[in-house]
Amino acid sequence: MAWDRNQMAKRAATELKDGWYVNLGIGIPTLVANYVGDKDITLQSENGMLGMGPFPIEGDEDPDLINAGKQTITELNRTAYFDSATSFGMIRGGKIACAVLGAMEVNEKGDLANWMIPGKLVKGMGGAMDLVAGVGRVIALMDHTNKHGDSKLLRQCTLPLTGKAVVDRIITNLGVLDVVVGGLKIVECADGVTEDELHAATEAKIV
Amino acid sequence: MAWDRNQMAKRAATELKDGWYVNLGIGIPTLVANYVGDKDITLQSENGMLGMGPFPIEGDEDPDLINAGKQTITELNRTAYFDSATSFGMIRGGKIACAVLGAMEVNEKGDLANWMIPGKLVKGMGGAMDLVAGVGRVIALMDHTNKHGDSKLLRQCTLPLTGKAVVDRIITNLGVLDVVVGGLKIVECADGVTEDELHAATEAKIV
Amino acid sequence: MQKIYPNATSALDGLLTSGMLIAAGGFGLCGIPELLLGAIKDAGTKNLIFASNNAGIDDFGIGILLQTHQVKKMISSYVGENAEFMRQYLSGELELEFNPQGTLAERMRAGGSGIPGFYTKTGVGTVIADGKEHKDFVGSDGNTQTYIMEEGIVADLAIVKAWKADETGNLIFRKTARNFNPVAAMCGKVCVVEVEEIVPVGTFDPDHIHLPGIYVHRIIQGDHEKRIEQRTVREKS
Amino acid sequence: MQKIYPNATSALDGLLTSGMLIAAGGFGLCGIPELLLGAIKDAGTKNLIFASNNAGIDDFGIGILLQTHQVKKMISSYVGENAEFMRQYLSGELELEFNPQGTLAERMRAGGSGIPGFYTKTGVGTVIADGKEHKDFVGSDGNTQTYIMEEGIVADLAIVKAWKADETGNLIFRKTARNFNPVAAMCGKVCVVEVEEIVPVGTFDPDHIHLPGIYVHRIIQGDHEKRIEQRTVREKS
């Protein structure tokens, strides 16, 4: 037993506080938007928009209106547009309260790797390095283990880093962990997951 | 014989080329705008405006529309407004083709002093240091001598500098001089002024 | 998230402390947060440091806080309009840090944008460069030029005047009253804005917004005097 | 000052040289200067260096210049949509300099604003920081943090897509097609802009202009394909 993608997204959505400006990464983090409920959350898209709306109804797609994943989206009545320098100015300047990002690896010091696998196709970091460096609170939303069952919560990252000591909280299919002094601290186990199972699936030091 | 303020301004206006974006300083430089004629000159006001128009008709003054000298002005049909960081971005970035500025002293290397007299009231440099550092071509428009008859075109400036080696051309009531390697070069004498008179009124080395 | 407050005093509640650094928008008397300055005067907070292009005049703008001796230091580019300022400065009561106008604007933008330092050639070879780090850069023309480092400003509080705000804090400025207001807003840890009109969300075209609401924490609407400093007119032609 | 040209080819006349650095606006395929890219392809200029957030796809955007082997180097943050790019990069035909997206945007703005270098914490502790100057700054919280220096980009040419221009080059962008276009325009020694519509001077409200004409040297109007890269829709609810 563990959380599925939607349960992970739902759990991550509980992290977001009323009035926050939030950046959601590509993949599972995108699903978080479905679970914010009545909370007043404003989504930033780092290509130059605050107040990101849902996908358009078919026929309403606008090539001038896309999100950071290059998908067609819509605007809301609160939306504001701006250029890329301003967009990353607010990111680096700490104006975004929280980013929920996917991760390939996180280590016990909060280092995050999510942009490059050496020897594989090199796609680039996009805005990820800016987000992890600048945003107030960084939540890694990720599978706890890879397809071979190896932990993705490591003592040391093996992949090139996106940022050093940048992750505050990790939400996986198995539970929720905080990066604290000395290692990771279990906040919560996923439904039907025991602390022992979480320990067993985690290479990083749990304190 | 020499040029009066309006003749100096008229002479300075001949420096401006069609299509240029220009910043005019406070004082005599402001008069230059009266003599641009049919040339397509766009005036920048460093408090955040391109396309500065003349003073308003009485009754049309708008407290939200002033120039860098804090005077009420008007807009033109080409006008664009922007914030102070953008305004000085275009100044530092060399987008302004020419600035015509007043000066207390200029030396033979093109150093300019126009912001501070030690021991007197300290008002501040405003945008003058940014303008002389960033604008493509800096023209000092000034009286050749002070009220005691002493040259204001010096070997060395005695006042705190606004910028070092920043002046390209000097236009005074007595003539026009360029800052060149080794000193100042006479370009033109004012009406009724001889080269000998210009030499005599100039402390800076004339080459 | 309720950003709208009934008046300037309530909007500043809990934000004012002695010795704090306040970034204020405005150029001369144009686009200054006059209502918030009045409330700061009423609050009587002392030892304030202001990053503001100008210091107002004797009885308007920051000048009203000089009269009450609430200001310890000004970071400004031009303070020539203010006799009381000069008196306090020359008597040593008031500290003054001159910044070239563009440097001050960029320092505010930088501080609000996570940039702790940047290089500029403004002020190189002048007293402004004294004690600052110098660095040479090779330009795109192959020539080497010397620049100085200036630091970003992060203010404890930003006070800003805009023309209109919507209920989420998206701002629109008017003409040259924009000036330092957007960058002051950016550099404040908390940003309080006074406007002439608060409009419902959805009133603004999202492409017309000058400063998105993310920079704005509290908003008030009020009547503005908008005093003119130099009334210059021409003949009807 | 006539800034309007009849078409993309004439607007680029005399501006293209082998080995030049071109800053291009656009994010993905959104807001890219597609007409100017087509004209660069027709001109056949080689060894181009592009500062552009993305590299287009195989048959649109900068991708069309990769197919003709006109590009020597890309300065980008994300190039994942382009198979031909990967082939040329992995075979060593194409150089690639990755910049974090915000660093790239700020480098363009800085280069266009007379700022040759600035500090950022983006990339500290990653390969992006390798070989770059590190400097510690004390924050407003009293804590010391390490930053790296990034340099401003000054491009020989900027190619930009806007929605509308007036005859003096004042520009208005539309929605997220704004993205890198204003900063690309700023950093170009020469800036050529393609728009969907050129309007008479005076059409724009001066407070709605996103980029003043001072940054714009040549303008063309033309028909744009505006291809959508990822068409995502939802059910009517």
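Chains here go by letter, A, B, C and D, matching the order in which they are written, and residues are numbered from 1 within each.
As a convention for this text, a contact is a pair of C-beta atoms (placed from the backbone, for glycine too) under 8 Å apart; a residue touches a chain by one contact, two chains touch by 3 or more.
Source: prediction; values computed, not measured.
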Furthest chain, CA centroid comparison against chain D: B
Whole-Å gap separating chain B and chain D, where each centre is the average of the chain's CA atoms: 35
Whole-Å gap between the CA centroids of chain B and chain C: 27
Centre distance in Å when chain A and chain B are each reduced to the mean of their C-alpha atoms: 54
Multi-chain contact sites of chain B, meaning residues that touch two or more partners: 75, 81-82, 88-89, 91-92, 133-134
In chain C, residues with contacts to at least two other chains: 106, 109, 113-115, 120-122, 173-175, 178, 206-207, 210
Pairwise chain contacts under the document criterion: A-C, A-D, B-C, B-D, C-D
Chain C - residues contacting chain B, complex: 27-31, 53, 76-81, 86, 89, 96, 98, 100-106, 108-109, 120-128, 163, 173-183, 210, 226-234, 236
Contact footprint of chain A on chain C as seen in their complex: 1, 109, 111-115, 166, 168, 170, 186, 201-202, 204, 206-207, 209, 212-215
Footprint of chain C on chain D - complex, ascending: 106, 110, 113-122, 135, 137, 139-140, 145, 147, 151, 154, 156, 172-175, 178, 189, 206-208, 210
For the chain B and chain D complex, residues of the former touching the latter: 18-19, 21, 40, 42, 44, 50-51, 75, 77-82, 88-96, 133-134
In the complex with chain C, residue positions of chain B that touch it: 45-49, 54-58, 60-67, 69-73, 75, 81-85, 87-89, 91-92, 111, 121-130, 133-134, 160-165
